[in-house]
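One chain, chain A, appears in both complexes that follow, with chain B as partner in the first and chain C in the second.
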Partner chain A sequence: MATTRILEWLGRLYILLLLAFLYLPIIIMALMSFNVSPFYQLPFEWTTEWYASLWQNDQLIAATWNSVEIAVITTVICVVLGSAASLALYRYEFRGKKFLQALLFPPIAIPWLITGTAMLIFFFGVGIGRGLHAILLGHVALALPYVIVVVSARLQTFAPELEEAARSLGANQWQVTRRVTLPWIMPGVIAGGLFAFAVSFDQFVVSYFLATPGQTTLPVEIYAAIRKGFTPEINAVSTIIIVVSMALMLLTARFFKFGGEK
Partner chain B sequence: MAAATASRNGLRSALPLLAPAYLWLTVAIFLPLSAMVFFSFMTELPLSGKPWAFTLGNYAAFFSQSLYLTLLLASLRLGLEVTLWCVVIGYPAAYVLAKVLKGRSREAIFLLVILPFWSNGLVRIFSWAMVLREGGILDTALNAMLPFKINIDLMYSYPAVIIGLVHSYVPYMVLTCYLTLQAIDDSLIEAGRSLGASRLQVLKRVIIPLSMPGLVAGAALIFVPVVGSFMEPRILGGRTGTFYGTVIEDQFVAVFNWPLGAALSFILLAVVLVILAIASPVLRRAA
Partner chain C sequence: MAGVQVSNVSRSFGAHKALDDVSIDFADGGFYALLGPSGSGKTTLLRQIAGFDFPDSGRIAIGGESVERVPVEKRRIGMVFQNYALFPNMSVADNVAFGLSVRGEAKAVIATEVQRALALVQLGKLGGRRPHQLSGGQRQRVALARAIVTKPRVLLLDEPLGALDKALRVDMQIELKRIQREIGITTIFVTHDQEEALTMSDRIGILRDGRLVQEGPPEEIYNRPKSEFAATFLGDANIFRGDTTGNGIRLADGTAIAAGAGATLAAGAKASCAVRPERIRIATDAGAPDGNANILKGQVSKRIFAGNNSTYFVERAGQTLKVIVQNTGMERLAEGQDVVLRWSPESTVLIAAN
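Let's look at the complex of A and B:
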């Protein structure tokens, strides 16, 4: 029994070390965004001047708005199209359904480098071109499978008898969907929407290949800035991004359990 | 007969709900992937104004110049190393989460472990630059603790790329292994122990075999994107960070040889599909 106790404590210690590995670089990056020295010199002296200078950087602000707009539109489109597709896959039996479900995995499994370059070639070839509209087209396609998977998972817990009961009480198809099915799958829809927002807002690779100099998103701008050299301004904007996306995920976790616990 | 009619009616009702989503996926994913294969057999991009013709030259370039094959092998090795480190670091953590921690603390720590992996990957790679560079935190901290002077400058090196990628992908391994480990009935482990098996034997004979699907899923989820990574080696690897992915990036953003880039991308896609095909029987058995 004593060995068991010791092993359990070692296990807890190990988890703490893993958390340190995961979070220390991020915390240090965030701290450096409040440090006076532009060369990350210690000792640490507090300042908010890097955040202030972000406000002067029009290019970065424009890219930020692009990122937010694209993420919001992506979320709306994905939630509507994704929920509709999930409902159809749940409700109806037809030949080829397994195939359609299997088609959701290539967009998730294929590296973004391949998807991104393929989109660049195709959009350029058929005249869609590059720019924000192309980025939106790409983001929706990347996020859609996640939304369908998440909403479908929620639908698995739905009792079809409820729909039948509503129908036998005289509700038509639309009323059944709106009053019975949608309220039940709402947590899945919200979680799927937050996933879609995160996929789009954090997306770098696909945006990178589809962006043009005037029409970029925040991660693309950050990458360009990093390759020119490290500055505390990058730390500042990175800190803002990390805080926003982590807050979003905490929100998602409230609607969708990841742990698979009963 | 009845079943066939029902399924035809099912499709008719399902189609309006399905069509928008699948049309979108077709236009933005499946057609581009097909177009990439098509363009990889061309000398120039059509519509670029220049005359073009069909060619095998882009694939010949891959096989005739040892550079591309060498880089692909380097990327595969990188993927293998990162995956192994993720197993070594992630599996024990998943085990502690699934079998040692209980209740609210387990939920909270699980969330903390997978939280970073949904935050911006680019930013997390950048954050390692703060730690690894000369005069960075690791250098300063070690020199403050040690009585002698050492120079830690891991930045722009192969280890830096490994560290950054392991940091990015280890949550996947924890997640997939946790899900399978959690499904193992504790009574199986107790039964093994009470029959006289040592801890190590139980681990080898019961726990690892039963959690194999999680390990394989995690490995596939990590290996595939790492082989195609280009941003991580660029930022943390500097001049040593030339891999297969960075060469593909160059074809599209620097050299502008898109047909060659398409061929290189397609070869990578083929490699990825082979790997996923090898992994899928193990995964299907689990499902």
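Let's look at the complex of A and C:
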């Protein structure tokens, strides 16, 4: 009895430590975004000054919008292309299919620093150059394998007889895909889309290589700002982003069970 | 409704001949079973008729119209799959409505037809459920309703009862047969279960290694099998092998077996005789002499009690014979006992050696 209780207690402590490890730095940062002192000094004095001055920081706001825009476009492109590619890999047998599928994994494993350098040199060579369009192109290339891997994993649980049944009832290829296959893989598509969004929105390395001085994304802008001298505005913008992205995640988790049986 | 004609259809996958020059005429409104062991080509044949796969050569006609190059979605067939293949993201009613809906029927028409189809399979009140909330038998009925609501020309069933337990399977056999009679649809039914084929179908086609072995009404195939394979695959049979004598065979030890049915063969050729286990009478003595009955002596090696009947295994000249006896309260024969087996030539079928 006593042992069970001790184990239970240790289990709770473990969970608590885990959560602290994950969330404490974030919580402190969020708190400090409301602290008067810009140098993390205590006692804590409440202020929304940093949020107000953030509102005035056009550069940071512009970079935030760039990031959101690029992440959204990257997500849309990757979800459409990635789902289509996954369906093609699922449905058709062709020469070199296994090789092609194997080729999807290295980009996930190759350090972004190397991918970024390679992209910079390549884009420069072929005349794409640098700028937001180059960043977008880079992000799509980085995020696409994630979507294909996640959607393909979901498709592995799809019963091919469902497509056959739909066809036997007179449905054409488009009707089969839209009404039978897509609803089944939707949790995978959503999960893949979230991955794509996260890869793009969090992306620093590749964006850093491909950004031009005036036109940049939020992570690159934050990095530049920290180098110039830390301001609590960074805390403020980070807090906003954390709240928004956590809300998004919780919403999605509420409506979809990833990979689960419906 | 329409009949289906399969003429000289062949289909190979690489070096494997899945179908080898198969021809069958499925009559309009008939209930037809395609029976065979796994790998015999029965499912391949069904998929050719459905249009999921096209034959390398040969012709398939539905209602007189050549369809061998028409894809499945344009063939107007109804199909029930082994695992039902119900759409998990749709309600029962939406599953049944699918075929009408992709065809662009009006909402009101769809609602009426779906309700009628669900009533036919006795699931009128379950339209709002999801497939995962149904029992196996109910899913089976939904799959059937979905397949027939579009008024297909032919209904194809791929081992539809395979996933059900025994008691439910018997219920569904009766139910399926009732529905088929009610709408009068040509039905082709793939199974490896011989009992199912015997009880449900008007005609049976037995396939083996991509070839049609024999085809005809269940009783005809059961009573007059044309090959050892047909005799042993559809029901149980004791097979004797020897040389033909004109009206039977002579075994290696000289014993003659008289056959009253089957092939007419030139004397001296290799041939077999098949006799069903339930046609043999088993006794401890020879009894009254009977002019033309086949009589063999043997020894009981094993008895298996199965409720209403018992199976005796009788050893005779290195061969084990099966005899099935109804348990009518007669004395049971002990293992090791010497017995006399007796059956009439009319119960014996002469088969050419394969």
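The rule is simple: the second predicted complex is superposed on the first by the 238 of 262 C-alpha atoms of A that agree within 3 Å, B and C clash if a C-alpha of one lies under 4 Å from a C-alpha of the other, contacts with A are read in each partner's own complex, and residues count from 1 in each chain.
What we mean here is this: contacts are C-beta pairs under 8 Å (C-beta built on N, C-alpha and C of every residue); 3 or more make two chains touch, one makes a residue touch a chain.
What you see is a predicted model; the values in this text were computed from it and never measured.
Asks: Just to be sure I read the superposition right, which of the two partners does A:172 touch: chain B = first, chain C = second, or both, or neither?
Replies: In the superposed model, A:172 contacts chain C only, not chain B.
Asks: Examine A:6 and indicate which partner it touches, taking first as chain B and second as chain C; both and neither are also allowed.
Replies: neither
Asks: Answer with first, second, both or neither: which of chain B and chain C does A:85 touch in the superposed model?
Replies: Only chain B; A:85 stays clear of chain C.
Asks: Examine A:52 and indicate which partner it touches, taking first as chain B and second as chain C; both and neither are also allowed.
Replies: neither
Asks: Quick one: is A:36 in contact with chain B, with chain C, with both, or with neither? Answer first, second, both or neither.
Replies: Touch status of A:36: no partner.
Asks: For A:161, is the partner it touches chain B (first), chain C (second), both, or none of the two (neither)?
Replies: second
Asks: Just chain B (first), just chain C (second), both, or neither: which does A:21 touch?
Replies: A:21: touches chain B, not chain C.
Asks: In the superposed model, which partner reaches more residues of chain A, chain B or chain C?
Replies: The partner with more contacted residues on chain A is B.
Asks: Looking at chain A, which of its residues have contacts with both chain B and chain C?
Replies: none
Asks: Within their complex, state which residues of chain A touch chain B.
Replies: 8, 11-12, 14-15, 18-19, 21-26, 28-29, 32, 40-42, 81-82, 84-85, 87-89, 91-96, 100, 103, 106-107, 109-115, 117-125, 127, 137-138, 140-141, 144-145, 148, 198, 202, 204-205, 208-209, 219, 222-223, 226-227, 230, 234-235, 238, 241-242, 245-246, 248-250, 252-253, 258-261
Asks: Please give the residue numbers of chain A that touch chain C in the complex, ascending.
Replies: Those residues of chain A that touch chain C are 159, 161-162, 164-172, 175, 179-180, 183-184, 262.
Asks: In the complex of these two chains, what residues of chain C are touching chain A?
Replies: Against chain A, chain C makes touches at 50, 52, 71-74, 76-79, 81-83, 85-89, 98-99, 102-103, 146-147, 150, 156.
Asks: In the complex of these two chains, what residues of chain B are touching chain A?
Replies: Listed in rising order, the residues are 6-8, 10-11, 13-15, 17-18, 20-22, 24-25, 27-33, 35-36, 39, 45-47, 89, 92-93, 95-97, 100-101, 106-107, 109-116, 118-124, 126-131, 133, 135-137, 140, 167, 170-171, 174-175, 178-179, 182, 220, 224-225, 227-231, 234-235, 245, 248-249, 252-253, 258, 261-262, 265, 268-269, 272, 276.
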